[in-house]
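Chain naming follows the written order as A, B, C and D, and within any one chain the residues start at number 1.
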Amino acid sequence: MMTEENRGRLLIACPDSTGIVAAVAQFLYRQGANISASDQYSTDAFDGTLFMRIEFHLDQLPAQERSLCADFAPLAEKFQMSWRYAPARRRKRMAIFVSKELHCLQELLWEWQSGQLDTDISMVVSNHDDAQTLVKSFGLPFHHIPVYPNDKSSAEAEQLHLLESAEIDVVVLARYMQILSPTFLERYANRIINIHHSFLPAFIGRNPYGRAYERGVKLIGATAHYVTEDLDEGPIIEQDVTRVDHRYDAHALRIAGRQVERSVLARAVKWHLEDKVIVYENKTIVFA
Amino acid sequence: MMTEENRGRLLIACPDSTGIVAAVAQFLYRQGANISASDQYSTDAFDGTLFMRIEFHLDQLPAQERSLCADFAPLAEKFQMSWRYAPARRRKRMAIFVSKELHCLQELLWEWQSGQLDTDISMVVSNHDDAQTLVKSFGLPFHHIPVYPNDKSSAEAEQLHLLESAEIDVVVLARYMQILSPTFLERYANRIINIHHSFLPAFIGRNPYGRAYERGVKLIGATAHYVTEDLDEGPIIEQDVTRVDHRYDAHALRIAGRQVERSVLARAVKWHLEDKVIVYENKTIVFA
Amino acid sequence: MMTEENRGRLLIACPDSTGIVAAVAQFLYRQGANISASDQYSTDAFDGTLFMRIEFHLDQLPAQERSLCADFAPLAEKFQMSWRYAPARRRKRMAIFVSKELHCLQELLWEWQSGQLDTDISMVVSNHDDAQTLVKSFGLPFHHIPVYPNDKSSAEAEQLHLLESAEIDVVVLARYMQILSPTFLERYANRIINIHHSFLPAFIGRNPYGRAYERGVKLIGATAHYVTEDLDEGPIIEQDVTRVDHRYDAHALRIAGRQVERSVLARAVKWHLEDKVIVYENKTIVFA
Amino acid sequence: MMTEENRGRLLIACPDSTGIVAAVAQFLYRQGANISASDQYSTDAFDGTLFMRIEFHLDQLPAQERSLCADFAPLAEKFQMSWRYAPARRRKRMAIFVSKELHCLQELLWEWQSGQLDTDISMVVSNHDDAQTLVKSFGLPFHHIPVYPNDKSSAEAEQLHLLESAEIDVVVLARYMQILSPTFLERYANRIINIHHSFLPAFIGRNPYGRAYERGVKLIGATAHYVTEDLDEGPIIEQDVTRVDHRYDAHALRIAGRQVERSVLARAVKWHLEDKVIVYENKTIVFA
């Protein structure tokens, strides 16, 4: 039956060569699976890396998936694949980090509530308590963990403990204004999504709206990206812009930017949750 | 070698069932082909129609393609496919029809000249002579075929004769303001692309900018579609809009609309030329 | 002092002729007012109607405005103006009508809460009770007034009673799926804003997303307009679109459309609240 | 009569204070002029700079304008205005500089030919001869002035001589890939418009598409700006973007970017020609 239960995804990266698509499709066919979506991209036609995302349905998938993965292993080895199997029924567990600006958090909560984000939101974590009422109104756990400049590590230890206890799969920084340590980033590599309030690589760092105002730009933007040690330099998942003009001061830019930040982050998170984003050499392949 | 010569495309439509992707991929693999792009879409996950577009490279394709097609036939029959093989080296032969407004024609000529449109433009046909100088400056044949209200059929006979003599594959109506007969349309079904100067289905028919002005819309648009007997009702390939406001009168809307018409038509034609558009029940599937 | 208290707006429509701008500016100058924003538009350069919106600051405006209006009357008469004075400190009182889809309501409440909508939301009215929890969480009155097909008038009587008791200035139909009677519309002419879930005039009436799907459009849109007796034919305030493709079924179009509906309605409402919209012959002039 | 002959514009910048709008409007009224468009912007409501653009019609303007300007002088002095009078009939004389990429040049020539750019194109200057055929086909003078790395100044001397002989008002760098000297820039301050092929301030300098590819951006853009000594740091007139994805290599980005470059530059040039752009502290006020 073609239910959520029986829907699985294969994410594959390997050196490109003839026959890979055929081999994978043939494998799934023999397992009895029906391919419902298939995307592929090769970085170079001759000597590149091939990326595939295949969504399939297989009767009794929960009971079959262990043997399916075992059977796939030799094929994966033959083509030197790095690969991942993701059953659709296993929703990713999400933690949202936020500071004082709540619009991105609110957008995510709404989209989640209306069924658009296929995730379990396990908690909202903040260094302030502004979000508390909002989070509670959605019946979700809220953790207020202040971050003190002279002792950031204890806050992070507490955060990591929470994340690990809850078996968190993805962390969304929904306007969380603290920098995370390399240790933290390493622990959740390619699983921390940040929204930066500019069209990167323009206005990296602090106060992008103020600097956009100073520069006199005619569009402002937002960028959702995976977080790496290099501030605002991680792989970009999604970007968008909106038009402004000379009448917008820095405050007006900030207000206008909220709309873009909200929709850009929501799209990026949605794609991540549906295993549609693959990171490759500080860039993303998005099979949206 | 991975040259234009050796690049081919398979376009397939068939009842969806398990194993089709595998069978096609396996077939191409055994032929020695390397799949460089693959798109699929199924109208319904259970009982739908599957559409596939596969781009592949095969050494010595020109010499191999006859046997490749012959070998594919049994597989196609097994899955009840309607299918088409299109070698990339065989550029489509295009005729452009135009009346007095030249901006869409000009855009196509530019894009063609700069190598963006993979086509041979065999001729430009017009019921007026406004385009003559422009067309000649590109070194292309121009045919002035006036259309008289009381004898449209003789003009059409002349047009069809020209098209057939030149073995035209696709006709682009780049602001051609005459209605074509059912016979003409039948002859080039799904191969005549029109640009309509509105966001269809708004403002079907005459004078869309005048009516857009009367209605007070805040965006105006353009629509590229395949032409069918039902005026402006054919399958839509591409659409876009641009922002206007109360200061735009009908003339200003027309000027602003030109930019949208140009880019929408150019995109639609490009996709058609690259076999990226499939028509299905008065809609298009665009594997762009 | 340049406070909200002391900010006023003049909205003027009159036959265009030489000297009007000078006369109005001179008048305000003599009153001691400082013009902070001024917009004008003339429907026709020779023989048209002139529309002006002037925002000014005047010390002690609340105490001065009665005499200011009295003094302005002769000038208004001289130029045959229809005009309106609107003090910024007098926020419009708003009622929101909603049915079962809550995304537009949610957007308005949020924008209001974050200070972007300069209004007092007096009540939310619905023919269903789905919105109740949301509305209560914002501390706002919620009125559940069911509408029975065979007795619509009693529901409307109750609605009108509520609106009049609360001295409502503007009614926003945030996906309210009932048709209002001519009496109701007459009572709040040019003060009822509806969001229609299509790019009007395409897909007037019921089920626009279903019909957009059938037509195979490549963009879907939303339109905010003042409500008149002709369904979906009233003056358009704002429109926008978003891109879709063949993979979107009617349900997916509906989900994608929500984002556009939300932002289009929020912009239109904001402009109305700030007296930036003037209705003229079934169109709007928007001094945004 | 309301002809192009009788249409004038006043551009004003001055310290903001009460009564300026009234004084200017009153002045024009007494001169017998009819204001057809009026825009104003103040950098700060309290203590800012006021910018105004007024378009008016005055019978017999060519004969009247000398006395009109003389009469305006005392008023200008009173309010410490820097101001400029620009008769619409005096079309700006334009020189276009180009190198090897011709798409921006082509767009400008076409817009000019179809009457959308209110200018006299006096010449096209290039350090290569690629544009020669195109320019000649429009019947315009083409000057091939090679630029040698070890002797840039002689090329510039020749360029300046040409510009001065032809009394050029505005220089458009339509993908001209040479850096101009401070002397040159000084000579035509705020009258040289460049198109940069990125969304500034992202990707300042060389090879923006290559760097956009490396960074993995999801939108690419273009920026039209006045040229100053600081490379790509001059006042921005207009910007726009277009969507790309992981399948675009640097070459594909470059092709996609052409469309944006063309339209952004054409808009910026049009606004400049119609005196709609005011430069203020390295930003622009665009009364579009």
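Points worth noting:
Following the convention adopted for this analysis, contacts are C-beta pairs under 8 Å (C-beta built on N, C-alpha and C of every residue); 3 or more make two chains touch, one makes a residue touch a chain.
Owing to the predicted nature of the structure, the values given are computational and were not obtained by experimental measurement.
Two chain pairs are in question, B-D and A-D; the one with more C-beta pairs in contact is A-D.
In this entry, A-B is the pair from A-C, B-C or A-B that repeats the interface of C-D, since more than half of their contact pairs coincide by residue number. Each chain gets one centre point, the mean of its Cα atoms, and the points for subunit A and subunit D are 42 Å apart. Rounded to whole angstrom units, the spacing between the C-alpha centres of subunit B and subunit D is 37.
Viewed as a network of touching protein chains, the structure reduces to a complete graph with every chain in contact with every other. Residue ranges on subunit C touching subunit D, taken from their complex, read 2, 17-19, 21-23, 25-26, 28-29, 32-38, 40, 42, 45-46, 57. Considering their complex, residues 103, 106, 110, 114, 116, 137, 255, 259, 263 of subunit B touch subunit D. On subunit A, the positions that touch subunit D within their shared complex are 41, 199-203, 215-219, 221, 235-241, 245-247, 282-286.
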